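In the two complexes below, chain A is the common chain; its partner is chain B in one and chain C in the other.
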Partner chain A sequence: MRSLLLQIAATIKINLKSLPQRFWLSLSTVVAVGLVVVVLLSFLAMANGFRQAVKGSGSEDIAIVLRGGSRSELNSTISRDQIRLIEEAPGVARNAEGKPLVSAELYLVVDGLKRATGTKANLPLRGIGPMGAALRKSITLAQGRMFEPGSNEIVVGKGLLAEYRGFELGSTVKFGTTRWTVVGVFEAGGSVFESEIWADLPVVQSLFNRTNFFQTVRARLTGPQAIAALKRYNDEDPRLKLDVKTENEYFADQSSNTTDLIQKLGWPLAIAMAFGALAGALNTMYSSVAARTVEIATLRAIGFGAFPAFVGTLVESLVLSALGGVLGAGATFVFFHGLTASTLGESFTQVVFSFTLTPALALQGIVLALVVGLVGGLFPAIRAARLPIVAGLQG
Partner chain B sequence: MTDVSLIARNLFRKKLRAALMIVSIMTAFLIFGVLVAFEHAFNAGEDLAAADRLMVVNKINFTQPLPYAYYERVKAVEGVRQVSHANWFGGYYQEPKNFLIVLAVEPESYLKIYDRELDVPDDARRAFLSERTGALVGEALAQDKGWKVGDRLPVSSTIYSQKNGGHVWEMTVVGIAKPAKPHIDSNFIVFHYDYFNETRSFGKDMIGWLVLTTTSPAVNDKVAKTVDAMFANSTAETATDTEKAFNKAFAAQFGNIALIVKLVVGAAFVTILMIVGNTMAMAVRERVREIAVLKTLGFPPARILRLILGESLLLALLGGLPGIGLAALAVAALREKLLNFIPGMVMTPDIAVLAVVLMLGLGLVTGIIPAFSAMRLNIASALGRS
Partner chain C sequence: MTSDDVLVRLTAVDKRFTKSKETITIFEKLDLAIASGDFIAVMGPSGSGKTTLLNLLGGIDRPSAGEIRFAGERIDGLPESRLAHWRAGHIGFIFQFYNLMPMLTAAQNVELPLLLTSLGGKDRRRRVEAALAVVNLADRARHYPREMSGGQQQRVAIARAVVADPGLLLCDEPTGDLDRSNADEILEVLRLLNREMGKTIVMVTHDPAAAKYAKRTLHLDKGRFSERDLAA
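Take a look at the complex of A and B:
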C-alpha cells in the first residue's frame, strides 16, 4: 500500500514537472477552462446582483396592495374608498397618535438620460405621502433633505444618480412642462428604491393630471403574521378584491423572471463552451501521454503499476483545469464584481444593480472547471495505464 | 495523390485529434450562430423600422398618454401622409402570467401604416373594420394558442377596468395577420380603440402614442419639429422621433446586449484560436522530417505553404460548417420558446456568410505561422533532427 502511494506521488510529481515541456498547449487548456468559468460566473454574478437588488427591497412586515391581476405597481389603480378600507383593516399598525401606517402612492414613468450611452431610459417617479419613507427599511439621506410637502421638490436614489444624468443635488429637472428641484439623495441599502425618484403625492397627482388617482397602497403590519388577517379581510369585502402580498413576496416575484432569464442564458452558454474546452483538454492530455510514452513505459518496466500512471495523468489534467477555474473566478472578480449595470425590470422601469460574485457562485464555476478536467483527463489516463510496455519503450 | 487528398490525409492521420479539434470549432460556431441570431432578433425593431415612419409620444415618457385630439391635429401637418394611434392594453389571457401584447388601435389607418409588414387577407381586413369587437391576431400568437377565426376571446387587462368593474374585454377573432418577412413580430392582438375607449372606466379620450408616415424620409426632421412645436408648452408635450431611433432607444433599455454577445463570442473564439493554433503548430513540428523530404523531392515552398494552410482551412470548415448548421437547428428550436421575449429569431444568410468568413479567418490565423515555418524549413537541419 505504501509503495503504491509512493508510486502515485512519484508519477504525479513527474507529470507536473514535465508541464513546462508542453507549456503552450497546457496554457491553452488553462485559458480555455478559465474563459468558460468567466462566462458562467459573469452571468451568475449578474443574475445574483439583480436578484439581491430586487428581492432585497422587500420587508416581511410591509403589505403591498395592488389592483387584482395587475402584477406590478405601474399597472395598478386603487380608489380612494379602497384606501380608506385598508386604513381600517385588521393587522395594519398604527403610530402613537393612532394613525394607520399606510401610504397610498402613485407610480409614474419619466425619461432620464443614461450616463453611459446618452439614451433615454424609463425611470420611476413615485408620489409618496408623509408615511412613505418610514414604510421602507433603512432609508437614509446621503445628501440634502427630504422634499417639502406641497412643493415641486424631488429626492433621488443613489443608484439613479450614479447611472443617469442631471439629478445632482440642487439641479432642476424637467418632466414635460413641469420643473422640479433635486433637494436630496437617499440611500436604501442597494435596493430598487435607490433607482427611484420620490416626490410629494398631491403635487405629482396635480402636475401629472392624476387628481384622485392612486396606484398602490403600502401598509405596515403589526407583525409578519398579520398578513393573513389582512388577506382574509380583503377577500371577504366585495369592495376590495385586491391583490394583497407582503413586500417580500412581491419583490421575489418581480425578480424571478429576469433572474431566471439571465441564468438560463448563462448556463447553456457555459456548458456549450465547456464542450469546446473539453475537446481542448482531451487533446492536451492525449498529447501529454504521447509525449511521455517512453517515460511511462520505463516507469512500468522498473516496476511501477498501471494505476499510478493513470493517477498521474488524471491529476495533471485536474491541476490544469483547477488552475483555469481559479483564474477564471479571479478574473470575474477583478473585472465584473461590483460593476454597476441597469436593466428594465418587471415594473417597466430601470433597476440599477451591481454584479455580485459570491464564494458559493465561484465554487460552481470551479466545480464546472473540475468536471472538464476530470472528463478531459480520464480517457487519456486510461490510455496511459494501458500503454504496452515493450512497444512504448521503443518510442 | 492530389494536394487535396494529401491535405485530408495529413489532417486525419491522427483521427482522434482531428475529431477533437472539429468538436471544439463546432461549439464555437454554434455559440456564434445562436448568439448573433439572438442579437439580430433583439435589435430587429431597429433594422426593420421603415425610414418614413415616425413615432409621436409624450415627452415625459412613452408610457404617459396623449389627448385623442392630437390625432386629428397631426393629420393636418404638412408632409404627413398617414397617421394612426395605439394604446397599450396590458393584456393577458385567463391568468396574469399568460401575458399578451394587445393594442387598442384605430383599425383602418393602423393597417395602412403597417401595410408593408403585415399581410392581412381582404376578407379579414373587411371583417376587422366592420366588427366593433373584432380582433386581429398575429400569426405567431394564433399558432401558439391555437386560436382560429371566429373564436371568442376573453382578454383581460392588467391596467384597465370596464365601467362595470370587470377587467375582461370580450373580443372575436376576425382574422389572422401574417408577417410579410420572417423577422417581423406577429405575436400580438390589435382591437378597436372605439370599443376600448367607450367601455373603460378611466383615461377616456386619451391615446398611448401616434405613429405616422411622412411623404418622404427627407421631410422627417421637418415634420418632427412641426409636431413637437405644435404641442410645446401644453400639458402634454410630445417627443417625435423616427421609428428606428425609438426602437433603438427602447432596446437599449434592456442593457448592452450587443456588447454581451461580443464578449461571449470573443471568449469562444479566443478559446479555439489557442487550442487549434497550438495543435496546428504541434502537428507541423511532428512532421518536420516529412516536410523536409517533400522539399527534397522538389516541392516548391509555395506548395508547402498551401498544403499546411489548406489543412488548417479544411479543419476550420469541417468544424465551422456543422457548427453553424447546428446553430440553425438550435435557433429554429428556440424560436417558439422565446416567442414572448424576442420574437422572430431566425438564422439569416448574412449570419451564415459572416460565419464562413470567420471560418476562413480562423483557418488562416491558425495555419499561417506553422505554414511559414514549414515553408522556410532548412532541409539539412530538419533531416538531421531525430
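Take a look at the complex of A and C:
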C-alpha cells in the first residue's frame, strides 16, 4: 500500500514535471476549459445578481395587492372601492394619527435612452402617494429632495441615473407630451426601485389620462403574521378577490422566470462548449500519453504497476482542467463580477443589477471543469495503463 | 553446471508474433541456462531476437510456449501484477538510450526502483548515494540528464538498475550510443558489478570489443544459438 502511494506520487510528479514539454497544447486545454467556465459563471453570476437585486427589495411586513390573476403590476387594475376596503382590512398598520399605512400606485412605462448605446428602452414610471417612499425599505435621497405633491416633479433611482441619459438632477425630461423636472435622486439599497422613476400619483393619473385608475396597493402590515389575516379577509369578501402577497413573495415570483431563463440559457451553452473543451482535453491527454510512452514503459519495466500510470495521467488532466476552472472563475470575477447591467424585467421594464459571483457559484464552475478533466483524462489514462511494455520501450 | 548454479533456465521456449494473420516465429524450442554470476554477451544480426530474449528473461514479455524458471521458480505464467513485483526485486534493465526521466535529477531517477520497496526515505537516500558512488557520479546527484554526457547518463541508468540490488542485469546495447572511451567506461562498470558484486549480466551488443568484457558470448541467428555456444 505504501509502495503504491509512492509509485503514484512519483508518477504524478513525472507527469506534471513533463508538462512544460507539452506547454502550448496543455495551455490550450487550460484556456478552453477556462472559457467554458467563464461562459457558465457569467450566466450564473448574472442570474444571481438579478435575483439579489429583485429579492433585496422585498420585506415580510409589506403586502402587495394586485388584481386576481395578474402576474405583474402592468396587467393589474384596482378600483377606488377596493382600495378603501383594503385600508380597513385587518392586519394593515396605521400611523399615529390613525391613518392606514397604504399606498395605491400607478405603474406606467415611459421611454428612455441608454447611456452606453443610445438605444431606446422602457423605463418604469411610478405614481406614488404620500406613504409610498416610507412603505419601501431603505429609501434615502442621495441628491436633491422629494417631489412636491401636485407638481410635475420626479425623483429617479440611482441605478436608472447611471444607465440612462438625461436624468441628472435639475434636468427636464419629456414623457410623451408631458414635461417633468428631476428634483431628486434616491437610493434603495440596490433593489429594483433604484431602476424606477417616481412622481406624485394624482399628477401622473391626470397627465397620463388615468384618473381614478390604480394598479397596485402597497400596505404595511402590523407584523409578519398579519399577512394571513389579510389574505383571509380578501378571500372572504366577494368585492375583493385580489392577489395578496408579501413583498418578498411578490419579488421572488417576479424574478424566478428571469433567473430560470438565464440559467436555462447558461447551462446548455456551457455544456455545449464543454464538449468542445472535452475534445481538446482528450486530444491533449492522448498526446501526453504518446509523448510519455517510453517513460511509462520504462517505469513498468522497473516494476511500477499499471494503476500509477492510470492515476498519473488522470491527475495531469484534472490539474489542467482545475487550472482552467480556477482561471475561468478568476476571469469571471475580474471581468464580470460587479459589472452593472440592466435587463428586461417581468413588467417590460429595466431592472438594473450587478453580476454577482459567489464562492458557491465559482465552485459550480470548477466542478464543471473537473468533470471535463475527468472524462478527458479517463480514456487516455486507460490507454496509459494498458500500454504494452515491450512496444512502449521501442517508443 | 549443476542445477543449483543455474539462475535462469529457458526450456523449449517458443516465441511467435502474430500480425494480421501472419505469424513470425522468433524462437522455436529454445533452451538456455544462465549460471549465477555469469556475464554473457549476446551477439547476432539485427532481427535475430536478441531484444526479444532479454524481454523474456526480464519478464516484460511472455513465451508462446515452454517455460522460464528463475532461481527454480516459474515466471512465465505469473499474472502481470506479480510479475511487476518480481521484476522490481530481481531484474535491472539497462537500455541503449538510457531511458532516464528527463524531468528528474540523477538521484531521483536512481531512487525510482526503491519506491517499490519498503525502505524509508532515509534508507532510500543512503542507497541512492551508494549506487551513484559505484558508478562514480556521487557529485552529480542533483544534475538533470540533459546536463550530463551520454556516458554519464548511462552510468546513472546503471545506478538505477542496481540500486534495488537485483540478481540479474539485462543490458540491451548499453554502449550502442557511446564512443569508444565512454563505452569502455561503461563496460568497466559492468565488469566490476559482475566480479565484485556478483551480478549476473546478459548484455546484447553488436560490438565485438564490448563482448570481450563478458565471460562468454552467445551468437544468436535465426532464433538459434550457434553450436560452439551450447558447448561452452
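Operating definition for what follows: the second predicted complex is superposed on the first by the 395 of 395 C-alpha atoms of A that agree within 3 Å, B and C clash if a C-alpha of one lies under 4 Å from a C-alpha of the other, contacts with A are read in each partner's own complex, and residues count from 1 in each chain.
The rule we apply is simple: a residue touches a chain if its C-beta (ideal position, glycine included) is under 8 Å from a C-beta of that chain, and two chains touch if they have at least 3 such contacts.
Values in this document were obtained by computation on a predicted structure and should not be read as measured data.
Q: Output check: A:I302 vs chain B and chain C. Expected answer is one of first, second, both, neither. What do you get?
A: second
Q: Looking at A:H337 after the superposition, I want to know if it touches chain B, chain C, both of them or none. Which is it: first, second, both, neither?
A: Touch partners of A:H337: none, neither chain B nor chain C.
Q: Using the superposition on chain A described above, determine whether A:V31 touches chain B (first), chain C (second), both, or neither.
A: The first partner, chain B, only.
Q: Figure out whether A:V390 sits in contact with chain B (first) or chain C (second), or with both, or with neither.
A: second
Q: State whether A:F175 touches chain B only (first), chain C only (second), both chains, or neither.
A: It touches chain B, and chain C stays clear.
Q: Tell me which partner A:K137 touches in the superposition: chain B (first), chain C (second), both or neither.
A: The answer is neither, since A:K137 touches no partner chain.
Q: Between chain B (first) and chain C (second), which does A:I14 come into contact with in this model arrangement: first, second, both, or neither?
A: A:I14 contacts chain C only, not chain B.
Q: In the superposed arrangement, which partner chain does A:R232 touch: chain B (first), chain C (second), both, or neither?
A: neither
Q: Quick one: which bits of chain A touch chain B in the complex? Just the residue numbers, please.
A: Checking each residue of chain A against chain B gives 24-25, 27-29, 31-32, 35-36, 38-39, 67-72, 74-75, 77, 108-111, 114, 117, 119-122, 175-177, 208-209, 213, 261, 269, 272-273, 275-277, 279-280, 282-283, 286-287, 341-344, 348, 350.
Q: For chain B, which residues count as touching chain A in their complex?
A: Touch residues, chain B against chain A: 16-17, 20-21, 23-25, 27-28, 30-31, 35, 58-61, 63-64, 90, 92, 96, 156, 158-159, 161, 167, 202, 233-237, 248-249, 252-256, 264, 267-268, 270-272, 274-275, 277-279, 281-282, 341.
Q: For a test of understanding, state which residues of chain C touch chain A in their complex under the given definition.
A: 55, 58, 60-61, 80-81, 84-89, 91, 93, 95, 99, 101-104, 112-113, 115-118, 160
Q: Hey, which residues of chain A end up touching chain C in the complex?
A: Touch list, chain A to chain C: 2-3, 6-7, 10, 13-14, 17-18, 21, 294-295, 298-306, 389-390, 393.
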